[in-house]
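Dropping the structures in below, format is C-alpha cells.
Next come two complexes, and both contain chain A; in the first it sits with chain B, in the second with chain C.
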Partner chain A sequence: MERRSLTATIFIHAFALLLAAVIVAPVIWLFVMSISSTADLTAKPLHWWPETVDLSRYTRLLTAVANTEGAAFVAALFNSLRVAGMATIAALLVAIPSAWAVSRTPTVGWSLYAVIATYMLPPVALAVPLYMALAALGLLNTVYGLALVYLTILAPFTTWLLKSGFDSIPREIESAAMMDGARLDQILRLITLPLAAPVMATAALFAFLLAWDEFFYALLFTSDLRAKTLTVAIADLAGGRVSDYGLIATAGVLAALPPVLIGLFMQRALISGLTQGGVKG
Partner chain B sequence: MSALDIIGVRKRYGTVDTLKGIDLSLDSGEFLVLLGPSGCGKSTLLNIIAGLAEPTGGDVRIDDRSVVGVHPKDRDIAMVFQSYALYPNMSVERNIGFGLEMRKVPAAERAEAVKTAAKILQIENLLERRPSELSGGQRQRVAIGRALVRNPQVFLFDEPLSNLDAKLRMEMRTELKRLHQMLGTTVVYVTHDQIEAMTLATRIAVMRNGQIEQLATPAEIYERPTTLYVAGFVGSPSMNMLDAHIADGVARIDSSDVVIPLPYETSAKGRPDQKLVLGIRPESLRLASDGEAPAFEANVEVVELTGPELVISATVGQQRITASLSPKSDIQAGTRRRFALDADALHIFDKETEKRL
Partner chain C sequence: MSSSWINTRAWLLMLPLLIVMVAVIGWPLIDTVRLSFTDAKLVGTSGNFVGFDNYLKMLSNSGFQRAFLTTTWFAVISVTAEMVVGVAAALLLNQQFYGRTVLRALMILPWALPTVVNATLWRLIYNPEYGALNAALTQIGLLDAYRSWLGEPGTALAALILADTWKNFPLVALIALAALQAVPRDITSAAMVDGAGAWSRFRFVILPYLAGPLMVALVLRTIEAFKVFDIIWVMTRGGPANSTRTLSILVYQEAFSFQRAGSGASLALMVTLMVTVLAAIYATVIRKTAGAN
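Up next, the complex of A and B:
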C-alpha cells in the first residue's frame, strides 16, 4: 500500500499501539507490582512506579529453605515442569500416529470428532469419575496421576491440530515415497514428520501451555508439595489471612517465564506452524 | 513381448462404476496415452497400474506377472505425479536417489546413477538445491529423474505437464519425446490434452465414462475416428459436425439444400431418411475452384488470422462450420463462398449410434 494517506497511516499506527497496550498492560502491571514495596502498593493515591525497586520477593520465592513459601513455590515449579512435560510428550506420542491415521483415512475421521465432542463436557462433570479412578489406581496426589489426567485433555487437542498439519502435506508425496520403496516407518520418519515439524512444535507448545496453566484438576487431585503445581501454589499464596499482592505478582511473573522461554526458543518453528496452510508453497 | 496387460479391469467406488471393463495390451517400448476429460477414469486406471488403488475385478500383468495385490514398490514401475510430489525436505540429489537409497543400493553406485540421470535431464548443476529453490520446469525434470534412475519396466505419468505454462509445456513435451526415443522405455501417460496425446503417443486410448472409446495410433485416431466422441475430442479447431440425412443415395445437410455425395457402400447400407452426422475437419476444407465438386456454399461470418492459418466461421443453412485455410486465402467476412472437400475427408457417423458408418 504505497498510496496510503497520512491520516490513514497515523490511524493504523495509533490502533496498533492501542492494541499492543491493551495486551501488554496487565503484564507490565504484574511486573511493576512484583518489584514494588508493600507500602507503594497500598499507598493512596496509588504509586504507578515504586519509589524503590524491591527485589526481595524474588529471593523469598526462589529459596530452598525448608518450610518456607519459597520451598513450596520451588517444589511446585518443578512439579509443574514435570507434569506439563510428561503430559505433552505423552500427548504427542499418542497424537502423531492417530492424527496421521485420521488424516490419511477419511473414513475413520468420525472417531476424532467423537473424541473432540467429549471435549465439550465441562471439567467439573468429569471430576468425580476421574477422582475415583485416580484413587483406585493409587495415583492421587502424584505428578503421574495429574499428567495422566492432562493427557486426556491434551491428546484430543494435539491430535486435532496435527491432523490439520498432516492434511496440508500432499498424499502424493507419500505415494511417491511408497513407490520409491520406503516402508511406512521410513515414510513417516524421513518425509512426513520432518515436513510436519512446525505444526508439531506448535502443538507441543500449546499442549505445554494448557497443562502449565491448568488449575481445576490440579486443585482437586493434589494436596501437598509432592504433586502441587504452580497454579495451585499461587492460589495458596492468596489464600492466607494476609495477602501479599506483590508476592502473588512475583509468583505470576516467575510462572510465566518457562513458557515464554520455550516460546522464544521455538519462535521460528511456531510462526511457520501458525501460518501453515494459509500460504502455499 | 507385452510389457503390460490389462485384462477386464473394473473399478467401483460405492455405487459408481469408475471403470467398466478395460482391456489393453502394451508392447515393450510403447508410449500409450490415456486421453479423456476429467472423470473418465483415466487416472483411476493409472493408479490401478501403479498399485495405489486395487481393481474391483480383472487382472493387471506387468512383464507377464499378475501384480494385483502386489505392493507398488514391488511392481517394477515408477510414476511421475502431476504435482511432482518431490520431497521438500531433501536435496535434489537425494530426491532422485531416494528410490535407490530405500532399496539399499550402495552409496557410490547410487551417486553414479543419480549423476547419469541428472546428465540426461540436464540438471547436474541443481543437485545440491532444495525443490523449493527450483522453477516448475526444473521440478518436473527432477520428478522425471526420480523415475528414470530406477530403470523400471513401466513408466507412469499422471498429467505431468498440466502445471506448467504453455511455452514450458511445449518444451517439456519435446523433451519427453526425446527421452522416450533415447531410452525406448514403456510408458503409460495420462492427459486430457489432445495435442500432448497426438505428439507423444505411439498409441492413444481415448476414454469416456470408464470405457475405452477407441484404441489406435494417433494417425488412425485422427484420420478414422470410430465414434463421434473421438472425432470431436481430437483435432483443433475441432471437427465440424453437420446434421444430415440420407436422401436419394446422397447426404442432404439439414435445413439447407446442400447435398454431399456418399461413398457407394454407405449409401447402399443406409436406410432412406437415416439421420447422419457428417464430420469434416476444418483443415480439409478449401475454397472451391469453378465447377469443383463436391462443394457447398456457406455464408462467411468471421475471419480470424492466427498466424499459420486463417480460421473461417461460416454457416451452412442453420448450421455452423469452421474452416482452416491458408493465411494467404482471399476471403472476406460477409461474403458467400463455395468450399470444397475431398470425398475421403468425409467422416460419416450414424446420429443414433454415434458410430462411424
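Up next, the complex of A and C:
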C-alpha cells in the first residue's frame, strides 16, 4: 500500500463514517420506529430512541386473529411464500434444460439473446392482455395466476444465470462419460446437474427474491386475502388510514428480513453475478 | 452424433421455455399491439378498430407530454446521482481504513431492501407531521416549520429521487468497486512515480478500467428508471397535482383506473419503444466492451 499523509487518513475515515451513516441510518430508523410506542413516534421534538421499548406490534402482525391487521399480514406472508415458491420451481423446471442446451449448442445461442431481451420489456406492455386472460381463465386473485405471470420475469432471468453456470462446467467431463456409453439423461442426472447444484441454488434464491419483491403485477392481479402478497399488503398499510406508523414500520421490517439476510450471507455470489453480468451480458 | 441431431435436441430441450415465453410474453405483447388500435375497455366490450386514433390523441395530449418529461427528468437526475455517488463510494471503499470489510458488507442493505419497503420507509421519513426529516432539520435549525415534502409539487419529485438514489447507488458502487479491484497496483504506482496527481491518475489510469462496467450499469439503471412504477405508486401515486406522474403510472391509470384498455395499450407501447431504444444502446455497448477485452 502506498504511503498516505495523516490528513488523508483522517479524511478517508471521516468519509467512511459518513457513508456508513447514510447507508445505515434509514434502516435503523425503520427498526426503531417498529419498537417505539406511538407516544414516542408522535412526540415533538421527536424521540430518536423510545422511552419504552414496545414489541407488541410484532406479536400483533404475526398472530392471525380474524379481521385484524394480523390476519391480513399472515395471509399475505403465506401468499408471498406460495407465489414465490411456485414461480421459482416452475422457472427452474423450464430454465434448466434450455440453459444447458444453449450452453452446449452454440448454434442456438441467438435464441438466448431473444429471451434476455424480453427481460427488458416494461411490465405495462404485457399487463392489459395478461389481465384479460387471467380474468377469462378465472385465475384473477389467485396465487396460481400470479405465479404464472411471474414466469415473465423469472424464466428469462434464471435461464440467463444458469447458462453462465453451465458454461463454467467443462464439456470434456460430459464427452468422457458419453464415450463410456452413458445416455444423455444419465449424464445430466449423474454428472452435470450435481456439478451445477451451487449455481442452481443461487438462481433459485435470486428468483425467489425477485418474486418476493414484485409489486406491479401483484397490485393489478390480486384483490383480497386469498392472493394479496406482502408488498401489496404493505402498500395498503402505508397508503391507508393507519395512524400507527410503528405498525407500518414493523410490517416493513418483517418483509425486508428474508432478502436482507440472504443479501448479507450471499454477498460473494451476488457481487460475482453482478460483475459477470456487467462484463459478459 | 450428427450436428442436425444436436440442433434438434437443443430445440427440444428449449421447447418448455419457448412455450412458456410465447404464452406469457409473446402473445400478450402482440395482443397489446392489437388492442392499441381499438377502443376496447378493460372489462366488457372487445372494442372496434380505430386505426391510429389512440396514438394521435396520446401524442397531442398534454398529460402524456408532461409524463414523458417527468419520467425523463426522474431517470436523468436519479441515474446521474447514483453514478456520481456510487463511483465516489467505490473509490472510498477501495482505500484502506478501519471497518472497511463491515462497510462493504453493509452496502448490500439498501439494495436488498424490497422497493416497496424502501418506499414505505421514506414515506414515513418524509411524513409532514411526525417524519424524521422534519424533526432532524428543525432540531439542527435548518428548518423553521415542518413541511409536507411529498405533498408539495415543488419538492415531491426531488424527495422521490432522493429515496430512489439511496436504494440504488450502492449497486453502482459495488460494480465500480469490483472493476477498481481489477486495476493493477503497479500501474497506479508507476503513474504516481511519473508525477501524476490524484485527478490525472483517476482520469487517465483508473477511469479506463471503470468505463466498460459503468456504461453497462448506466444503461441498465436508465432502463429501470424509465420503467419506474413501484416507488412512485407507494409514495405519491403520481401526485400531488400529477407532479410525479411518470409514464408507467399514466398507463396504470388509463388502462386500469379508467379501464380504457385500448389507449392504455398504445401508451404502454410508447414506453416499450423508448425502453427498446435504450436496450439497443445497451447491446451496442456490450459488444464494444466485449471487443475491447
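Keep in mind that, in the parts below, the second predicted complex is superposed on the first by the 228 of 281 C-alpha atoms of A that agree within 3 Å, B and C clash if a C-alpha of one lies under 4 Å from a C-alpha of the other, contacts with A are read in each partner's own complex, and residues count from 1 in each chain.
Note that contacts are C-beta pairs under 8 Å (C-beta built on N, C-alpha and C of every residue); 3 or more make two chains touch, one makes a residue touch a chain.
All figures in this text were calculated on a predicted structure; none of them were measured in a lab.
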First (chain B), second (chain C), both or neither touched by A:Leu264: second
More chain A residues in contact - chain B or chain C: C
Which superposed partner A:Pro170 touches (first chain B, second chain C, both, neither): first
First, second, both or neither for A:Phe216, with chain B first and chain C second: second
Partner chain(s) touched by A:Phe78 [first = chain B, second = chain C, both, neither]: neither
Which superposed partner A:Ala182 touches (first chain B, second chain C, both, neither): first
Partner chain(s) touched by A:Ile191 [first = chain B, second = chain C, both, neither]: first
Partner chain(s) touched by A:Thr118 [first = chain B, second = chain C, both, neither]: second
Chain B versus chain C as contact partner of A:Leu151, first or second or both or neither: second
Shared chain A surface residues [contacts with chain B and with chain C]: 281
Touch list for chain B against partner chain A, complex: 50-52, 71-73, 77-79, 81-83, 85-89, 98-99, 102-103, 132, 146, 150
Contact set on chain A toward chain B in their complex: 170, 172-173, 175-183, 186, 190-191, 194-195, 281
Sites on chain C touched by chain A in the complex: 3, 6-7, 9-11, 13-14, 16-18, 20-21, 24-25, 27-29, 31-32, 35, 42-43, 89, 92-93, 95-100, 103, 105-117, 119-125, 127, 129-130, 132, 135, 138-139, 166, 170-171, 174-175, 178-179, 189, 192, 212-213, 216-217, 223, 226-227, 229-230, 233-234, 237, 248, 251-252, 255-256, 261, 264-265, 267-269, 271-272, 275-276, 278-279, 282-283, 286, 289-290, 293
Complex interface listing, chain A residues touching chain C: 1-2, 4, 9, 12-13, 15-16, 19-20, 22-24, 26-27, 29-30, 33, 41-42, 44-46, 90, 93-95, 97-98, 100-102, 104-105, 107-108, 111, 115, 117-118, 120-133, 135, 148-149, 151-152, 155-156, 159, 184, 212-213, 215-216, 219-220, 231, 234-235, 237-239, 245, 248-249, 251-252, 255-256, 259-260, 262-264, 267, 270-271, 274-275, 277-281
